[in-house]
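Next come two complexes, and both contain chain A; in the first it sits with chain B, in the second with chain C.
Let's turn to the complex of A and B:
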């Protein structure tokens, strides 16, 4: 037990150190922050205008009203911010490192290689998306005069954690393919495109086959819809348990795949 | 006691095979052909605690593959290895904390931030106690003259400065086994000497075992009491440098300096008549010849008796030449 606590403490210290390095890197390029703010605001304005156009014609979109979809947009921005903060840039670095051979150094470090690979690059400017997301949800709830039950907040946090775990595992699996197929950078661009276009809408508006795809194959919508649902419509215990189950499945699968890939790592040539 | 033990270590890579041209490229999309390349073929050796061993071979000989297996990066196809009692490719954290891999061609320091911040990252990863970190950093800063570099972003350092910082960063956790892959590549002569003397000092102070690959024989001559030579993945020689020269060099070099005022006969005292004597350099002031090892005493005696010799030396040929000859003869065989 003491060993596990020590290991967790060590890995938290490592993650903290990488976050610190990310912040230091970020300070070196301050204009990135201005660009990130502009980018988040343009994204938000576009989405809000789109919703205004839709709700000019109707009051409901498959059970979701205007406020509900604004909350979903907020959750989308929170997910986007958390992914963009550490996971997405680290996965890009991982693919590049495998191609160039610098991944060797990750493997020689006395810490879990998956943890190191997953936190090695931090992009603090992505926190802008996170703040925008929290702001949109808070503003929507306040302007509707709607309070939140602690159960809703708890369910939201559990669903959000599951959603992030699912997307993280999915991205890790995609990136792990780099051990065999060296040039795979575009695969993250394809994922980003899907996430940006499908993640902004509740998964229930898509036809059943696409819903399955967006939940299990490319799990982008599911990760955004369930947390938003926890705030707007409420979720039952079974849905939350399913979210936890799917998250555990994805985390285990990606972990096994990672370990399998390490056995086949050949490194870049000297 | 052996720190590194290697037995019948073998690594085979599967590489794609494709002929040139569009047709072959399209064909490879449908049916991928591969072949096996034996990068390392059943090599065995031992390295004792505190020993500095040169690992030599031409490009593609299997040196880096062997180092990477010993550093735990690659799983071997077959064979066994133990480093400090650990099986490297299990990569247990105890092992990773006890060794370092330094590659001259690749950086691990964070590019955009000051060197000291990368070191602090290593402190967290290797769980180095604050007091140890400070004292080791002071020692390394002193030995490698890093004082003015620690606060600079890595991208602003010259190649030599970067290498010094890389080496120091990799040794902050004081590893007892160090694998160095071309640590002086691309560096100027002064910086090469600096890195070499530092490695020797680190080895002396800590008693760490060091395994070094380099194409610069200066590195090997300055640091290694022993060399392991591999070619095409096979072990060719394991012993001291002088032994390598004795085993693989069939010739000796005789250099003479003439008396300043003396006339030298055009036939060089009959030296030109000997088929087994090769004149490699000749001027009004002296002469250098290469002769078969067993004939060296007779030829030297003849030169002393027939030429106006002021000074004469008999030497083994330069180590670079011997190594080159080893590899060439193996390729021809």
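Let's turn to the complex of A and C:
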């Protein structure tokens, strides 16, 4: 038990110092922050106008009303911010490093290679998306005069954590394929396209075959729809348990795949 | 007369004439097409990602329409609209704003600027080559969307499709000039992504990428038709292809496209002249 605690503490220290370096790097490029704020606001305004146009024509979309979809947009921004903060940039760096051969240096460091690879690049400007998301949800709930039950907040956080874990595992598995197929950055582009487009809508509006694809093949909808459901419509314990189960499955699978890939890693020049 | 390439002067047409441009375009287009074919994997991936937006839009607007009609479109009408939007967006869209930022930031623009012809010709050739190759994927994808979601094809006639081809060609020219001019912002600002997001947001609503203009509130529709956005995009092409604009409306629309092209050309020349004077490669 003491060993586990020490290992976790060690991992956290590693993650902490990487985050600190990322933040310091970022402070050098302050304009990036202004640009990120502008982009997040334009994205938000676009989305809000889009919903206003849609709800000028209808009162509900598959059981979701206007404020329900605003909450979903907020959750989308939160997810996008959390992914963009560490996971997505690190995976990009990882693919690049495998291609260039600099991944060898990561492997020689005295810490878990998966942890190092997953936190190596930090993009603090993504935090603007996170703030925008929280703001949209708070504003929607307040203007609706709707309170939140602690159970709802708990369910929301659990669902969000599971969704992010699933997407993280998916991206890690994708990046791990670069051990064999070197040029995979474009696959990340496909994921990004699906996430940006399909992730903004409740998964229930898609036809069944597409729902399956968006839940299991390219799991973008899980991370957004289920947490939003926890706030808007409420989720039952069974759904949450299923979410946790799927997340654990994805995390374990990606971990095993990572270790399998490492055993076959030969370096870029070899 | 030396060509600077060590080629015998007789093999090149005199600069500025039609045959010179013809020769240059043939050469540049062949090079651009060969490059695109070499990177066909990347092109295919881009084609695949461009299916995502119309697919999601179809799903959303089909849900909005339900069993009824919204602003003159029923569910199958929306399917046709967004399948068409995918094709028109593919042939009109320009990625030059990102490329230009990269060229200027890295200094890659310097060698292009000292070439004896305007750099816009290279961009036009690259753009056309990409679109030609991409159509191989985009056209079947549009057919697939129509079949999969049951699009309404009864709106097309031979005449409306031919008229639509002309509208699309003019839209291509207009949107290319507008976005090429916009990309010149990179000469003054090294981070242009915020400008780009505002532009893309505007073109989504006013150009018809988000939805047919008819679903917008009345005042917004009127405003939209007074901007260049619908004329370089699906909004206008859709009116023509689906037979919503005929007779006087059709002629007036073509004239609006030509007028905006003339305006865009003047602005492009003015901005370009100033941009080149501002240029100093990053790092100098």
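In this section, the second predicted complex is superposed on the first by the 269 of 270 C-alpha atoms of A that agree within 3 Å, B and C clash if a C-alpha of one lies under 4 Å from a C-alpha of the other, contacts with A are read in each partner's own complex, and residues count from 1 in each chain.
By our rule, a residue touches a chain if its C-beta (ideal position, glycine included) is under 8 Å from a C-beta of that chain, and two chains touch if they have at least 3 such contacts.
Because the structure is predicted, anything quoted here is derived from the model rather than measured.
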item	value
Chain C versus chain B on the shared chain A, clash or fit after superposition	fit
Contacts of A:189 with chain B and chain C, given as first, second, both or neither	second
Which superposed partner A:206 touches (first chain B, second chain C, both, neither)	second
Partner chain in contact with A:265 - chain B first, chain C second, else both or neither	first
For chain A as apex, the angle formed with chain B and chain C - C-alpha centres, to the nearest 10 degrees	90
Chain B versus chain C as contact partner of A:110, first or second or both or neither	first
A:24 touches, of chain B and chain C: first, second, both or neither?	first
Which superposed partner A:59 touches (first chain B, second chain C, both, neither)	neither
Chain B versus chain C as contact partner of A:38, first or second or both or neither	second
Smallest separation in angstrom, by C-alpha atoms, between chain B and chain C in the superposition	10
Those residues of chain A which chain B touches in one complex and chain C touches in the other	none
Chain A residues within the chain C interface of the complex	31-32, 34-35, 38-39, 42-43, 45-46, 49-50, 53-54, 56-58, 61-62, 183, 186-187, 189-190, 193-194, 197-198, 201, 205-207, 210
Chain A residues within the chain B interface of the complex	10, 13-14, 16-18, 20-21, 24-25, 28-29, 100-102, 104-105, 107-111, 113, 116, 263, 265-267, 269-270
Contact footprint of chain A on chain B as seen in their complex	13, 63-64, 68, 71-75, 91, 93-94, 96-97, 99-101, 103, 105-108, 110, 112-114, 117-118, 120-121, 123-127, 153, 181-182
Parts of chain C lying in touch with chain A, wherever the complex brings them together	41-42, 45-46, 48-49, 52-53, 55-56, 59-60, 63-64, 66, 70-71, 191, 193-194, 197-198, 201, 204-205, 210-211, 215-217
